[in-house]
Amino acid sequence: MTDAPAIATRGLSKDFGGGRGLFELDLDVQRGEVFGFLGPNGAGKSTTMRLLLDLIRPTAGSASLLGLDAHTESLEIRRRIGYLAGDFGLYPKLTGAVVLDYLGELRGGVDRRRRDALAERFGADLHRPIRELSTGNRQKLGLIQAFMHDPELLILDEPIAGLDPLVQQSFHELLAETSAQGGTVFLSSHTLSEVERVTHRLAILREGRLVVVDSLENLRRVAVQRLEIEFADVPPSAAAFETLPGVRDVTAAGATLTVAFEGSADAVVKAAAAHEVRAIRSRDDDLEEIFLRYYRAKRAEAPR
Amino acid sequence: MTRAALTMALRLRLASTGSAALGLVAVLVIVGALFPAVGGTIGKLNLPRGVSQLLGGADYATLTGWFRSEIGSVYGPLVMGAVAITAAAASTAGEEEDRILALVLAHPITRARLVAAKAGAVAVLVVIIAVAAWVGLLIGVALGGGGIGLGDTAAFAVHLAFFGLAIGAVALALGAGTGRRSLAAGVAAAVGVVGWLINGFAPLVSALDWLKYLSPFYYYAGDDPLTQGIDVGDLAVLGVVTVALVAVAMLAFERRDLRG
Amino acid sequence: MEAVTATGLVKRFESTTAVDGLDLTVQVGQVHGLLGANGAGKTTLLRLLFGLIAPNAGSITLLGRALGGPGSAALDHVAGFVEEPSFYPYLSGRTNLALLAKLDGDVPAGLIGEALERVGLTDRAGSRVGGYSTGMRQRLGIAAALLRTPRLLLLDEPTSGLDPTGARAVAALVRELSAQGVAVLLSSHQIGELEKVCDAYTVIREGRVVWDGTAAQLVAQAPASAYALHTSDDDRALQIAAGIRGVRAGRSPRGQLAVAVQPDGLDALVLALGDARVAVRRLELLVTPLESMFFALSGDENVDELAPYDLAERVFAGAGADS
């Protein structure tokens, strides 16, 4: 059982008609991974998660979580996992504490201290009616209910939506801890810095089909990078950089040259060093570009 | 765990049901108190048979007729129906539309048990209304000068309860089966209204008389519990229908995709 | 000219003081980012600027006119939304916009179609808003704002619920408008999104401004940024980094080399590496200036005292366990 992947899907499909849905997803998520699930809106990420949770049923294929069948053994699975839906509601007139108690009861009881520790960590107010809470504070409750029973596997749909950067940070720390303790996290995200920081591997879905599964490291290797170099005085001409090995293009804006290149940054950096440099910035546009290229490309044309 | 779900479903509707119950008691008390002054004066109204049937006989001369018309034929089942239907629709389809159900179902509880818990909660709310009806009726009868026995008032409450269970079960089956709150509540309410109309008018046309057997009102009030006491046959029909619909609710809910 | 001038704003509610002596200036044609933790007062501030609530003290001038209540003339050519834009769920997107256009008065007929086009909602404009995703409602909200041909746009989390493509479109739209002289005040939790479009920032905490300045000032004043470094000889790079002031280097649990640097530190490091013939293969920004500024200002530490070390900790903490 412990050898089984945390999540394994085989030809998992959900056809909504009109070309919409999920088609033949083959995906493995290993234990202890923090796995990012990316793709444009409408690609099928939430559908996938709902299929895994047995909230909706596939039109073809199968899925297993923690070695158990997603449909026939769903009850056992749900004992051991935590889930946060992308667009979820909570009972508006009740307080967070009451709702969390209820959800805990559905699990046969949950350690209150763990729950309170999480609430404190995220700065969540458990004693106000939910309808009075802002989006961010509601989101915190959603996170707490997913984590409070220390599940082996977490399935989280856009977990940082509405969270301020401080709470985002706390959440990412929590993810690192979870993973370090052997827990698995399967999360969808639109925030590229989050993907960069917390995920071990990621998959990109587009129009219901898997476009790529790989680590960010590997994806970067084929990517174009950009260095934005701000010179103290008059910048050198673009030509000085364009001829360097690996350089794709150079754009100039005032005292700043932005050099797009592949491979090692060495030549570019050395060339820049020959002048007085005020700042060197790595533009994470290239990370965005990487993903957007996958988001846009037809499957056959996807890079790699 | 099922109990937690039942308690929660109950908790969410308790305030509104409590208000409805108190309102019902108040109305019954007032109606009873009014009888000595008003009832005798009005006497028995000479209405077309169908309408008179709809209003439970429109016999305002006797206390029994008074209650039967004022409460038994419209107001009582209206309150009971409203409470049962809104509770059933809200706790199933309402929760689904509000995107709470998905979160709940991510927890280790089977769909069947969840529906059972919600059905149970509706049943408790129905009992609350029925007890309120009984208490209100007892006080109202006393204020009205007496004349309806303890057993008969209880029988009325029991019949009203079974009516509530059946009509609530309709809303539950629709709510669990479709996930659409307005549809579930609307159709269940329509079943109630149509049932009321059928019970009033169908007997007027001999060819259509059989239709009354399809109306929940027939089993609720057809054998006049206020004077005849409990009719086990009637209650059995309503009971079986309730159980069957709850089973349908569970099956339908188990099979379908959750909306959202 | 200033598009927004808010001085000494105070807003108290029953249990809290949401805004406590806040000053804000947004220049015409500027894209101004508003950043703060949950509860810092961003939403209240935006409500005050829209005239939805009245301040207990202080004044607001929009596009040169003093702000009165909700119907105030100062709100002409001011558009946007606070929290989520609200629409009639049973009506279509286009109908909703048409209704709003009627409410506003003279809105030229073609503008609705144009606005829908600009936010990419033309194909779904005929469907009920109730069926829209959050992102679509967001975009419709922006379209609604565009109908008013605004000279000042106040947007609350405009990219929440949008995927990177959608967020990019909004960013492009904002830049386009800014180029046309529209002032934009953007509140967001997505630091990355803000840094792509903003010319200036205001960071608030507990109802007060804790930092305000242009993007250039941010870069200059930010405590530190953190980068991931890929070199031809990471061990050597670590040694060299140890000797440079303003640079702290270390390895993440995944073995990645990362440096936290003061503004000049990176240049010194890269040059030193070059001198030692250690090739810099890749430089990835892990913690941006705005982020480091925000964290510095949100902690208990004084900005001047925050060590870049903390940033590295934060970076590594989020870097995940060994796979």
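Letters A, B and C mark the chains in the order given here, with residues in each chain numbered from 1 onward.
In this section, contacts are C-beta pairs under 8 Å (C-beta built on N, C-alpha and C of every residue); 3 or more make two chains touch, one makes a residue touch a chain.
What you see is a predicted model; the values in this text were computed from it and never measured.
*Asks:* When the mean CA coordinate of each chain is compared with the mean CA coordinate of the whole protein, which chain is closest?
*Replies:* Centre-most chain by C-alpha means: A.
*Asks:* Could you find the chain whose CA centre sits the greatest distance from that of chain A?
*Replies:* B
*Asks:* Go ahead and note the Å separation of the Cα centroids belonging to chain A and chain B.
*Replies:* 50
*Asks:* Just how far, in Å, is the C-alpha centre of chain C from the one of chain B?
*Replies:* 55
*Asks:* Mind checking the centre-to-centre distance between chain A and chain C? Centres are C-alpha means, answer in whole Å.
*Replies:* About 20 Å, centre to centre.
*Asks:* Residue numbers in chain A touching 2 or more other chains?
*Replies:* In chain A, residues 87 touch at least two other chains, as defined above.
*Asks:* Touching chain C in the complex: which residues of chain A?
*Replies:* Per the stated touch rule, the residues are 32-34, 39-42, 87, 123, 134-137, 161-169, 172-173, 175-176, 179-180, 190-193, 196-201, 220, 225, 227, 263-266, 269-270, 273, 277-284, 288, 291-292, 295-296.
*Asks:* For chain C, which residues are in contact with chain A within the complex?
*Replies:* Checking each residue of chain C against chain A gives 35-40, 43, 83-84, 133-135, 157, 160-168, 189-192, 219, 227, 232, 263, 266-267, 270-271, 274, 279-286, 288, 291, 294-295, 298, 314-315, 317-321, 323.
*Asks:* Using the touch definition from the top, list the residues of chain B that touch chain A in their complex.
*Replies:* 1, 4-5, 8, 12, 98-100, 102-110, 257-258, 260
*Asks:* Which of the residues in chain A come into contact with chain B in the complex?
*Replies:* Touch residues, chain A against chain B: 50, 53, 55-57, 75-76, 78-79, 81-85, 87-91, 93, 102-103, 105-108, 142, 145.
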